[in-house]
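Listed after this line are the structures, all set down as structure tokens.
Next come two complexes built around subunit A: one with subunit B, the other with subunit C.
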Partner chain A sequence: MDIDKSLINTSLLPGDIVGTVVQSTSTENEGKQQPVRIGPGLTLLDDTLVAVKAGKLRYDTLTKRYFLENNQKRYICAVGDMVVGTIKETVGESFRVDIGTAHSALLDVTGFDGASRRNRPDLFPGDLIYARVTVANKDLEPEITCLSSQGTARRDWITGQSVFGPLKHGFVINCSLGMSRRLLDPNCELFKQIGDKCSFEAAVGMNGRVWITSEDSRDIVLISNALEYSQHLDDQGIEKMLNTLFKSR
Partner chain B sequence: MDKCVLSTNERAFIHDTLEQIRIDGRQQYDYRSVNISFQQEKLGQVQVSLGKTKVIAVVSCDVAAPLGDRGTEGYLLFNTELSPMAGQHYAKQRNAQSEASIEISRVIERALRGSGAIDTEALCIVSGEKVWSIRVDLHVIDDHGNVMDCAHLAAITALLHYKRPEVTIGEDGKVTIHETQDRDPVPLSVHHIPICVSFGFLGDGTKCLIDPSLKEEEMLTGSMTVAANTHGQICAVQKGGGVPVHSSQILTCTKIAALKAKDLTDLIETSIRNDEKQRKFNKLPAYARPKEAPVKVKPVITKQELIDLNEMVDSDDEEEGEKDVVYLQELFDQDV
Partner chain C sequence: MSKIEFISPEGLRVDGRRPQEVRKINYRLNLFSRADGSAYYEQGNTRVLAAVYGPRQVTRRGASKHDRAIINCEYSMATFSTGERRKSAKRDRRSTEISVVIRQTFESVILTHLYPRTQIDIFMQVLQADGGTRCACINAASLALIDAGIPMRDFVVSCAAGMIDGVALTDLNYIEDSAGGPDLPLAILPKQNKICLLQMDSKLTIEQYEEVMQMAVEGCKQIHAVLDAKLKDVTDQLVNKRKTLL
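Showing the complex of A and B:
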């Protein structure tokens, strides 16, 4: 596999050829050829490696794979994603939840830590929940759950301290998928900068939805607008914008 | 897919904060920021963005036969396209138009043609035979609430910007439509500028907002559009169903609409004037260009060469003349 290294960190469009499979017959090369690992946004068509999304070609040194960093608004489910969803209706023993995908997701009624048939949260249409995706297949309806995953602490839903579960009060803003990925990055300064100005609580969904709550409703308005504006600003611009917004506080 | 699924949290929040401020920081009667941009090459193509809502208007013209009983009136047609590009919930339209797009087209048509803002009599070429048919295509490229106002702004700005070809009728009755290179195109006859102002009603109809954004629109129980101009005249009113509203509330809305119309009309006129200046500066083809000068043809033989040849041929000396003939013969032999 011969990848055009000059294309790394450049913008590509769907259909652009990134690399080609090199057929080598000599035995000495066979041993040296290492498999090339690819991630989202790239696919192998016959003998060529082609970009299928619009974005920048990146090479991740941790996972040692090439992928396309793109930004879009339409969310497509992936297993393991954390999402903010709205309950639409109760269907038998599950809830139908809107997470922004083409089809609504299914959430089992007992899919909460410490929940059983008799002891389960009372959720009505319109309630907000924070969940994670367990089944994401293009042929099936997506499935989500509020059970804690391997890494997160396990707290019963009754305590209200669990990571996943219903979200009370607050407001939701819609942003692009790239923005929500940026917010989840541990290096992201934005939440810290806002935290310097006022106290708040946030849940970031990979489906482009961010839930924000604070004690004062005016603060919620300020924070939600700050996040909306920061999508298209650089670091200096964000600093200026935050100072201007929170000046009136 | 649903347009906008609002959770109970969001509804409660929007409703509670409305007492003090709207979710995007606006007050009750504030418009979002309006941005008007013109297409560089052609006249009559405008993109208007009202906050995040974006609409493109394209004006085109054609010659058509007038309707039987209105032989002196031209056509003014509006067509609105609401494609999935505007929002995930807009499905590809199976039948030609959806209810929402028809409503937008009809309200804009009533405001602009019904009120006499655009003079259709001025579109007549030959009475009873030929009239201009002006067509405005509105493409909604992003729906973030209040497409009606945005589409109307785009339509009226495009019609003010547009210039139709000049027409002359010869003595024999022959109609000539001139190209833009030959004769300056002519602007449309606009008498006044109506502006659509949309109001949203919440709850029992007592709370009123101007220019609802996407999430606010989802919460509305009723809505009304008032088209007014800077003179305070009401050109059209549209209230399609929704919560019943008291007559005093409607009169208040019409007064507010007249005030907002003034601001927006100033904005439109300023942006059109700026675009005219920009075109003049860039020498863009919005004005007639003079016919290009004829191309000079280079002669195959220079004048001096011709004089020398004539001297050789006119010389008195026979010998020299024979020599010349030989010279030329040699030349011919060489070529062979």
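Showing the complex of A and C:
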């Protein structure tokens, strides 16, 4: 596979050719050919690697994958993603949760740390939860769980200190997927800047939903507005906007 | 017959264009906050809006396909889009035919096998009709699909061509369209050089057909060049920020 490296970090449109499969005739090259790993946004069509979305071609050195970084509003499920979901109904021993995908996700009623048949959260339609995706297949209904993953600390759901689980009070805003990815970046300045103005708690879902809560409901409104406006502004604009918003506080 | 001089002795058309010239194009993405993707597209005086939703749950039970997404296309003309106010006939013959034709075009381009049992909706509305509305709608829908991040094999571009008084013309406007000559809307995949829509009204000889077909292909390539030039910047903006009109 011959990838055009000059295209990395440039904008591509659907149909742009990224690389072609090279049929190597000499036997000495066969050993040296490394398989090329591709991620979202790229597809192999008839021996050519083609971009199928509009986005920037990136190469991730950690996973050694080529992929297309794009921004869209519609969330497509992927295993391992953390999502903010809304309970729709209880179906047997599971909850049906709306996470923004075409089909609702299933959450087992005992899928919470320290939960058993007798001891489980009482969730009603409209309640919010923070969960992670365990099954994401295009042919199946997505499945999520609030059990802690490898990296997160395990706390029983009753304590309210667990990372995943029910989200009480607060407000959810919708944003684009690119925005939620940026918010999850450890280098994101926005949360730090807002944190300088007031204290709050937030849960960012990779499905384009951000849950915010604070002690004062006026603060919740201000922070939600700040996040909404920051989507259209650059860094200087964000600073100005935050100063104006929190001036009256 | 017609007293209108479609081609002047200097070779200019009624709006001052050359026979192979396409009208001025302008477009804007991401207009609607609710739609997953949307585009506003102008080609001369023809103005259209396209909105895309999906992949989302199938609305009509029994219509869902187990191995791919179904594409639902709706083309309609606003009552104020033509010279005389039209009675709001969303389901009239012409609109239904154009909806079907555009759906078939995009079914071959969108990678529907990635989203089984879902539905992708494409709504197109003509705000101002001055000839070439179905081609403008296809271009607008292509832009809206790109805005929505729905994977496609290639970017569909569409242009119509015709022949009046023996001269092949690209991108007919309403006056030229009404002249009664042949009209050939064409949609291609510019990078793969494949045709995904070809229609024709009226009659042409084989030689004339070759000429008009070539004009339509050249027109599509011109449109593609115009759209491509600005889209890379728009993609940059999409990735960095999402600017909305509202």
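Remarks
Keep in mind that, in the parts below, the second predicted complex is superposed on the first by the 248 of 249 C-alpha atoms of A that agree within 3 Å, B and C clash if a C-alpha of one lies under 4 Å from a C-alpha of the other, contacts with A are read in each partner's own complex, and residues count from 1 in each chain.
In the analysis below, a contact is a pair of C-beta atoms (placed from the backbone, for glycine too) under 8 Å apart; a residue touches a chain by one contact, two chains touch by 3 or more.
Because the structure is a prediction, the values reported are computed rather than measured.
Once subunit A is used to superpose the two complexes, subunit B occupies space that clashes with subunit C. Of the two partner chains placed by the overlay, neither subunit B nor subunit C lies in contact with A:R155.
Number of subunit A residues touched is higher for C, counting subunit B against subunit C. Shared-chain residue A:K168: touches subunit B; no touch with subunit C.
Of the two partner chains placed by superposition, only subunit B is touched by A:D127; subunit C is not. Applying the stated contact rule after C-alpha superposition, one finds that A:N71 touches subunit C and leaves subunit B untouched. Within the superposed three-chain model, A:T86 lies in touch with subunit B and out of touch with subunit C [touch as defined at top]. Of the two partner chains, subunit C is the only one that A:K138 touches; subunit B does not reach it. Looking at the shared chain after the overlay, A:A102 reaches both subunit B and subunit C. Within the superposed three-chain model, A:I220 lies in touch with subunit B and out of touch with subunit C [touch as defined at top]. Annotation: subunit C segment clashing with subunit B after superposition, chosen from 74-82, 182-190, 200-208 or 236-244, is 74-82. Residues 74, 102 of subunit A contact both subunit B in one complex and subunit C in the other.
Within the complex formed with subunit A, the subunit C residues making contact are 36-37, 54-57, 111, 114-119, 146-155, 189-192, 228, 231-236, 238-239, 241-244. Within the complex formed with subunit C, the subunit A residues making contact are 10-17, 41, 43, 45, 50, 52-56, 69-74, 76, 102-103, 138-139, 176, 178-179, 231-234. By the touch criterion given at the top, residues 74, 86, 88, 98, 102, 124, 126-128, 167-172, 211, 217-218, 220-221, 224-225, 228 of subunit A touch subunit B in their complex. Those residues of subunit B whose C-beta lies close enough to touch subunit A in the complex are 1-2, 5-13, 16-17, 20-21, 23-25, 88.
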